[in-house]
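To start, the structure itself, in structure tokens.
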Amino acid sequence: MLKDVQGERDIRKVPLKHVGIKNLHWPIIVKDKIKGIQHTVAEVTMAVDLPHDLRGTHMSRFVECLQDLGAVSPVALESILDTLKDKLVAEKSMLEIEFPYFITKAAPVSKQEAFLDLHCRYRAEKAANFELYVCVEVPIHTLCPCSKEISRYGAHNQRAVAKVEIRAEELVWIEELAEMAEAGASSPIYPLLKRPDEKFVTEHAYENPRFVEDVVREIALSLEHDDRIKWYKVTVESIESIHNHSAFACVEKSAESNSLYADKGEYL
Amino acid sequence: MLKDVQGERDIRKVPLKHVGIKNLHWPIIVKDKIKGIQHTVAEVTMAVDLPHDLRGTHMSRFVECLQDLGAVSPVALESILDTLKDKLVAEKSMLEIEFPYFITKAAPVSKQEAFLDLHCRYRAEKAANFELYVCVEVPIHTLCPCSKEISRYGAHNQRAVAKVEIRAEELVWIEELAEMAEAGASSPIYPLLKRPDEKFVTEHAYENPRFVEDVVREIALSLEHDDRIKWYKVTVESIESIHNHSAFACVEKSAESNSLYADKGEYL
Amino acid sequence: MLKDVQGERDIRKVPLKHVGIKNLHWPIIVKDKIKGIQHTVAEVTMAVDLPHDLRGTHMSRFVECLQDLGAVSPVALESILDTLKDKLVAEKSMLEIEFPYFITKAAPVSKQEAFLDLHCRYRAEKAANFELYVCVEVPIHTLCPCSKEISRYGAHNQRAVAKVEIRAEELVWIEELAEMAEAGASSPIYPLLKRPDEKFVTEHAYENPRFVEDVVREIALSLEHDDRIKWYKVTVESIESIHNHSAFACVEKSAESNSLYADKGEYL
Amino acid sequence: MLKDVQGERDIRKVPLKHVGIKNLHWPIIVKDKIKGIQHTVAEVTMAVDLPHDLRGTHMSRFVECLQDLGAVSPVALESILDTLKDKLVAEKSMLEIEFPYFITKAAPVSKQEAFLDLHCRYRAEKAANFELYVCVEVPIHTLCPCSKEISRYGAHNQRAVAKVEIRAEELVWIEELAEMAEAGASSPIYPLLKRPDEKFVTEHAYENPRFVEDVVREIALSLEHDDRIKWYKVTVESIESIHNHSAFACVEKSAESNSLYADKGEYL
């Protein structure tokens, strides 16, 4: 019998906030509003807390637990979290998956369809209660209101990314969050545009100039009016086309989140 | 006179948590404990809050303010934050700089010296009060206690990164945080090792096996015993040499940070 | 009828080596030696040449052509290349897809299975002839022969990546290239190891010390003995556990590749 | 005396194309056309060839040699390459440094100045002869000629990057390559623009629509007319503002480069 070094007593009296694995890549199946399911590939983080008197956790059990994950759903995620708490003798558990999600996007005039990729993240946590945070990064188009106003013709515009993070108690589809993000922009962006589509997008954006400040406010209003959403944070970052840096704006619902973890994502 | 579109009234009643610029690259001078100063290159984020009734901020003023930054120090950073609040008519301001910082590291036996790079970040914030967060990522070496214990010979080991974030009210040198991180590891790592050094490091690490859980606890104890440090968070991530994923552990001082921003860095 | 600006004559007399799209993300299906097929997600680059007298290409047609890609195979790739040449009136076409590929890896003692991700790339080119380049990046474990020899106990070891690029005229499975890479290393690495497995891997690696120079030579010999393989380049980069930089070695079959493109991947 | 394992005979008869270190970070001083010198930070790759009968190279000597690098110049680089060949008993040596380089850029109307960062790379090689490759990535602005032509108002535009790689036998300043790149674009981009500058840039770009195909051709013509430049490759990639992927075009001087290394940079 090989010795269990991780299971030794620890006398340093330092409890750990989390201990686990990250940068694990794994094929997953996620629910798709239109097609039922979608195959994709995730980057996975899994963690538990560790009491002050235990030396270490058993890292291989995280991967064992992940193998029980079927199609990703709130129920499936909570089940993994319960198993983690049980197998690792922990009071809190966490599972985070980041993955590209593909929506079929039709061009505005020609109606030709192709895949548009959204970067998504689910973070599920469980101590006494289960909580699920959903984050979607939606690529959008912004056209500068100032540049349009002061120039005789033209206006600088650029690709931007709207990052929408929510906590909800009922299902909110990735597709719904993407629609809110696009509605707040100067224009959605598309994987495939023929000339009549390009004309449409160019003119539509010119008619709808938006600062990053405007876009976060428009998205925040949509989220605020949705009763399913208990908390949100919206950040828009534009890859300024006249600068070599980005502009960004952020709005967060004032009510405190109940996350077990003080920080729910990067600063931005 | 060109119209000030950003200065328009906004009627959406959505105050913004922050608005600013990011991914700006800038040459800087930072204080060096040994050599006085050090030239390096920073990635910069700057932001202010925006009241609900203003449409936008004036992004070019961030870059104008940054030009007044001389050698980086708490006083210099607070001065920029005051100017930002003033020039952008804001109640809160924030400046974050991330940069490589080089320490001269002597090999343990041959004493040959070369540069070791640490990834550093200063985040300065000011509402009513000024607060400064310092983060240093220190590359270290960890040797697995379990692998050593159960194997007839050898033990898997790997490069890891100890990320030490603190809030202090007095000066704490990057060099001091790096020393604490290295002392908690199986061994420091070095830019230049001759054969007698390599023998020393190999044997020293074998004599000091450490899980990521051990390393965060050792570093936390050092920080806890330093009266200058009011808050800390330590995360160690090891690039597991027998897996294609990382192991990590995190400890955070229980007292709440007073940051204006709910999230002081990425999840890990 | 909207004007075709791309179709204008160009008088600058500068033919273009390639023109196309990149950083396009797309869900794909690839052949799997064991399971028949595998769903994954690709980053796509597509290009054609452009004669000196044409102003531009029609970028939207690249995405249209990609939609005809079924399960990835040499035949399917050549078919896309033919369509590209036809639709874009070009003499040469190129399609590159990069994607994570998952193999089921059994632990050496417990035989527990889990997914290991390999980073793969197919590059297909066609002028007069069709050529296919396959690249697989395989994570491996290397233990330093020098450190073992000179130390009383232990030896530094680390994760490394073996990048194997080949041109073949018959099917070579990703799984076959991964096996060659692993056979050249101190040990394969695994997604899931229980304690008896960890003991096995630790001791096996200690018994098989390898420099990066050794690993590239071992892999080159395996490739050299395989008649299907007409050209290869092998690069091994180890994330040195005692340094904050990498060590690397590279060997390339001396016979010139017939690639249309002078550079078949990054320098390393 | 510790055994020299690297110095053992090798009987596998596989010569190595290169063996060395990479991802080493190091502070450097580079020549600045205006200010004389500039402090910055480099990512370094160094390599030599290895004959078939030697087991390994001595990696620590690369770092020792690098310490002799003073202010970067062709002479200084060649000196390091000679020392490398000598100390590592090699026939070929290579040194590559990548670094941000800052130019002071004045806004077009207000003339306000600020730093603009360019990503640069020097690659120096020496077998019988010394050769130096210089690469500069210049951020630029492109406005789509098709979008302008077919739309009633506006035109989509975006940030793009022009990557200019050259081999020259006399000094060519980074600043000169940046100017050629900017002259080929719809507009340069700037770190700091006040409203009159933004109006100028917006209108100037609208008056100078350019496809990526146009930009590479314009830059190629400038390079072609410069007698100092013996070889060049120009790639422009635009972060398309109406798509979630990039468009790119590439032109390379037809005469073969004499590089010792088959591939002088990534595919693009």
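Read from first to last, the chains carry the letters A, B, C and D; within each, the first residue is number 1.
Going forward, a contact is a pair of C-beta atoms (placed from the backbone, for glycine too) under 8 Å apart; a residue touches a chain by one contact, two chains touch by 3 or more.
Not measured: the values here are computed from a predicted model.
Common neighbours of chain A and chain C, listed by label, are B, D. Same interface as A-D, judged by over half of the contact pairs sharing residue numbers, among the pairs A-C, B-C or C-D: B-C.
When you average the Cα atoms of each chain and compare centres, the chain farthest from chain A turns out to be D.
With centres defined as mean CA coordinates, chain B is found 24 Å away from chain A. Rounded to whole angstrom units, the spacing between the C-alpha centres of chain B and chain D is 29. For the pair chain B and chain C, the distance between mean C-alpha positions equals 35 Å.
For chain A, residues that reach two or more other chains under the stated contact definition are 2, 24-25, 117, 146, 150, 191, 193, 195, 199, 244-245. Taken together, the chain D residues at the contact with chain B in this complex read 2, 4, 24-27, 38-41, 60, 63-64, 67, 100, 102, 112, 114-115, 117, 191-196, 199.
Within the complex formed with chain A, the chain B residues making contact are 2-3, 5-6, 10, 12, 14-25, 44-45, 47, 50, 55-57, 59, 96, 145-146, 149-150, 211-214, 216-218, 220-221, 237, 244-252, 257, 261-268.
Remark: chain A residues 116-117, 139, 141, 143-144, 146-147, 150-159, 187, 189-191, 193, 195, 198-199, 201-203, 205-206, 239-245 touch chain D in the complex.
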